[in-house]
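What follows is chain A paired twice: with chain B in the first complex and chain C in the second.
Moving on to the complex of A and B:
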């Protein structure tokens, strides 16, 4: 009996000792709070500033194309170069054959044009344009449906790229491989304009507003095979 | 039900397959594989692992010579409407990867959404769904033959016949360019329909009286597979032989083939 009593005493004694050393005084509590705050700030800065920069690789277009200049010279607006074929498929970025009509030789005094003629036209190599709006493989997007049938303008989805004098940097997600213009510049999903992002929710947002009849049994929205393939 | 009313004035694509005309040549299977980028392996002997969106089955009446008779039965996805679009696979999918579209009557499968639980395969009474056990590997140079309008599937997802939805999308595109309000029967035909040398497969809108399938499905010789399950499929079969019509379901000796409806 006495033995066990002793033991309890020593144990409780130790506990008391330990609690007295654990109790922080004013200065050590300050250090803990400071460390926490520094840690919080560091992780926030890493998460919001450093990580997005690491996540996206920044690539320059092969030629700094001037949309504004060309838009003033052509007769049919965007569709002069980015046209729809007769079967309703979309031609995308212009091929060399289209550019050659005017650019067989250097026209002006822009160094970019000289570079284009020298490196691509003379050698007959297609320009490896980086497409900002390239969608995943499973997506079926019909320009004909939106431009011809729904009479939408290019700006609604592509913004004012037609008025730009320089091509912006192409930012590619290193993990997914998709363009930042598709994923949206804002990481928290904040969206000011209709052209700020091109994800499924953005398509669906507009489709839900426009369409009266929703075919999908599961989602009560439009059917999946409208935009998927 | 609102959805049911909608289906009344929208499209309902379906097929009528004349089994008396089918010779079992397998052209539909080949056309389907090529059109839809269906993957295959070097050794296709294990049919549990091979993928055939369209598959031709061989039926036999099981009688000895000279009464012996065989019939070939092509089986794509039946695109079951079920009750108000609740087809067996759509009802069980936990990922909303498969869906029934009231606008076209097509059961869609979105490969990027599927996570491969295979509930739909268990639910499908027609074995029309297939699982990708392997990533597709194309023989050298064959990537160039792939159809750019169909996305290639990866390992771990389920796939099935889509009624060549990419052809419907292309047909709609052409209609938009021509300023037409709607597509015509010939604008949208599946690959198997066009490949069949015997003309056994007819494809069209089951709701449209101007389409050939509208009349064919009402023929007295028409039947559907596993009619009594209530899956309400959109593939109709025609056969003048009673044993073939009886082979469409598990009938008892004293039962006759069930009526469509």
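Moving on to the complex of A and C:
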């Protein structure tokens, strides 16, 4: 019995010793706080400043298209070029065939137009436009339902791109592969305008408000399968 | 100042806190989850404007119209063509998955020449020029050696222009050995020829939409019989008109399950049942007397060659096929037979159909004649809701070129299958002839749109016969079993890449020609088999080249189609509205000038097909067909194999259907592994207990057990043809087997 008591004493004695030597003095406490602050600041800077830059690759559009200029020349607004096909599907970015109607040859003085005619029209190659508003493949989206049936304005989702004179840089998420315009410029989900972001919450925000007119064509019900077929 | 463990911990906590208050983890989590829902390697349809191209599906004899949706040059989906007379917008699972055949990575992409041993799978790519000159060179050698007749050609393409061109090529070359893949269609044509005086090249017309009582002797009406999608549409129509389908077969097939009544009878006794029904119809005077009296002969009596009056069909049936006698043969109650006959007679437009399952095999001619006699008794010939011979649309507008001396003597040689012409090819007799080398050895075999090495029964003997043929040339763009065992492959475009006419749809009421279009530009270095034949003819020169004078197949097709080509190109199909079936009265080409129940040459009787196997095989193995398995030239595309039930294929193992009672007596339970043995072969299978199969009978599906094509279908299940063998029919010489004896033992 005495032996075991002795051992217990020895162990607790060592523990007391150890804790007395590990106790931080003033200077080491400062270092600990400093380390915490350094860690905090570095990770905050990384998370808020460096990470967004790393997350998105920045790509220039092949041609710097002037929406403003073209919008003034066409008669039917956005739909002059971004139209709905006869079967109700949306044509998206115009094909070369549409551009060729006017741009068989260089029309003006713009070097971008010259580049377009030279590199694409003459060679008959489609322009590999980068689509800012492309939704993920798991999303079914019908322009006809929104523009025709619900009479929504293009601007509600796409903002004032129709008035722009230059195409902005296309920022592509390196992980998901989608455009930053869909995901929203603000990484914490802050948004001011309806067109600042085009994620699921933004869709459902409007769908929630207008429940009466929504719903899947097949089931006549609101829910996941309206968009995720 | 000292940096210790605590400082590091503190730094870590700081980093963790900072990270948690930055968007990094939350955004990453979101992005990764979006990424997982959009795997970049998951194929998604191309984006862009959809275009639709109408064509026709020639993967089976159904000849359904199809609409192919394309985005630019990429095919996205195949759907049924809305206004096509055959399928009216419907499509089957095979047709739907056709794009997987087109885009299969395992297609034969360029002409190939065997490099290793035959069947070893070693190939060298060769140019088309070399391929043509090699085959033409070998064929020329055979002409020089006086062996032109020792060449044979097999086609599974059905009666279309390409097949006719192939036959024309062989005839001009000097070979009598042109073979079609036989099917139930041969039996229908022969029955109509014997009893109704149709010409051998006529097509069978069935006005099924207007029938109200369908006595189906094992026909898989909803399992791929006839033109499958058309049959589904017709079945829907029958529901509305309350037409009754009576399904007579030993196994509860899909068709049986959906029928008004399912009557399981002793396998192989279908012909006897038909005659038993005939007996009741005659005894109770339920048949259409006016029709029988006015338009038929051989019913009351037959005058034989020596001028003596013999028993006619009536007396023959009355003497031998009383319900009691038939009851013993079929296992059915005599009262049930009588009742069935009365129901049949009561219907306004009854019809009796034959052809087990999808009608892959011609079957017994005795049985066909006995069943067709029921149609004769009810007057269901050449009238609404009946059966009739459709004239083949006239497309033989090709120039006549006299054969040279070689061809003239070559085509006069006997055929290897012993048949007098190619009207009814006895393909089942080809392997024994090749193996025995009699009447002469086969020196070269050309195979087009067919895979005989897989689809012919008694696979072992077929393989041995193939091994004996010095030159096998395949025109397949699929690496099927036959292509794999050939010496040269001259790949044809697949059906979506080539223009040709589709054969008339099987079992349809009107003659419809549909035009298959080149929906896609050929993906690989393949060539239309028609063009290949024309080039081969040019390579051979002489009268062969003169007989195939066209610059390409398109020119040949245009000439064959004549004024039909324009409507064909415009709408995709052409219906011979002029071919209205005559109202019971027409000029007949039978010897008596009437429909014949019997003649000095034949009388429908019942001779049981001699099924192989002795008493050591206690069970009966029968094949079955399902819409989810392609068992012809085309093998199952991956989509279709995915939808196979686990009662047909479990992982890599095929399942055999057996009645629980039979299984119990043998001590077998569900998914037990057993060795299945027949006189023709053996295989490992799993047990599937099925109440819907008669005790003592076991069933395997057609279409599995491939050893070629691709990794998605090869090595899955068992090829039924390796376990069965042909039985030559005494009347037609075609394969009459409907099953084989078998035994099971625990593996």
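By definition in this document, the second predicted complex is superposed on the first by the 200 of 229 C-alpha atoms of A that agree within 3 Å, B and C clash if a C-alpha of one lies under 4 Å from a C-alpha of the other, contacts with A are read in each partner's own complex, and residues count from 1 in each chain.
Definition applied: a residue touches a chain if its C-beta (ideal position, glycine included) is under 8 Å from a C-beta of that chain, and two chains touch if they have at least 3 such contacts.
Please read these numbers as outputs of a predicted model, since none were measured by experiment.
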First, second, both or neither for A:47, with chain B first and chain C second: second
Touched partner set for A:145, first chain B, second chain C, both or neither: first
Partner chain(s) touched by A:190 [first = chain B, second = chain C, both, neither]: neither
Which superposed partner A:84 touches (first chain B, second chain C, both, neither): first
First, second, both or neither for A:27, with chain B first and chain C second: second
Touched partner set for A:36, first chain B, second chain C, both or neither: second
First (chain B), second (chain C), both or neither touched by A:55: second
Partner chain in contact with A:176 - chain B first, chain C second, else both or neither: second
Touched chain A residues, chain B compared with chain C: C
Those residues of chain A which chain B touches in one complex and chain C touches in the other: 87, 89, 136-138
Complex contact set, residues of chain A against chain C: 24, 27-28, 31-33, 35-44, 46-48, 51-52, 55, 85, 87, 89, 91-92, 136-138, 173, 175-178, 187-188
In the complex with chain A, residue positions of chain C that touch it: 1-4, 6-8, 10-19, 21-24, 26-28, 31-32, 34-35, 37-38, 40, 42, 44, 47, 49-50
Residues of chain A touching chain B in the complex: 84, 86-89, 136-138, 140, 142, 144-145, 148-149, 213-219, 222-226, 228-229
Contacting residues of chain B [partner chain A, same complex]: 3, 6, 10, 84-86, 90, 93, 96, 99-104, 106, 108, 110-112, 149-152, 162, 165-166, 168-170, 172-177, 179
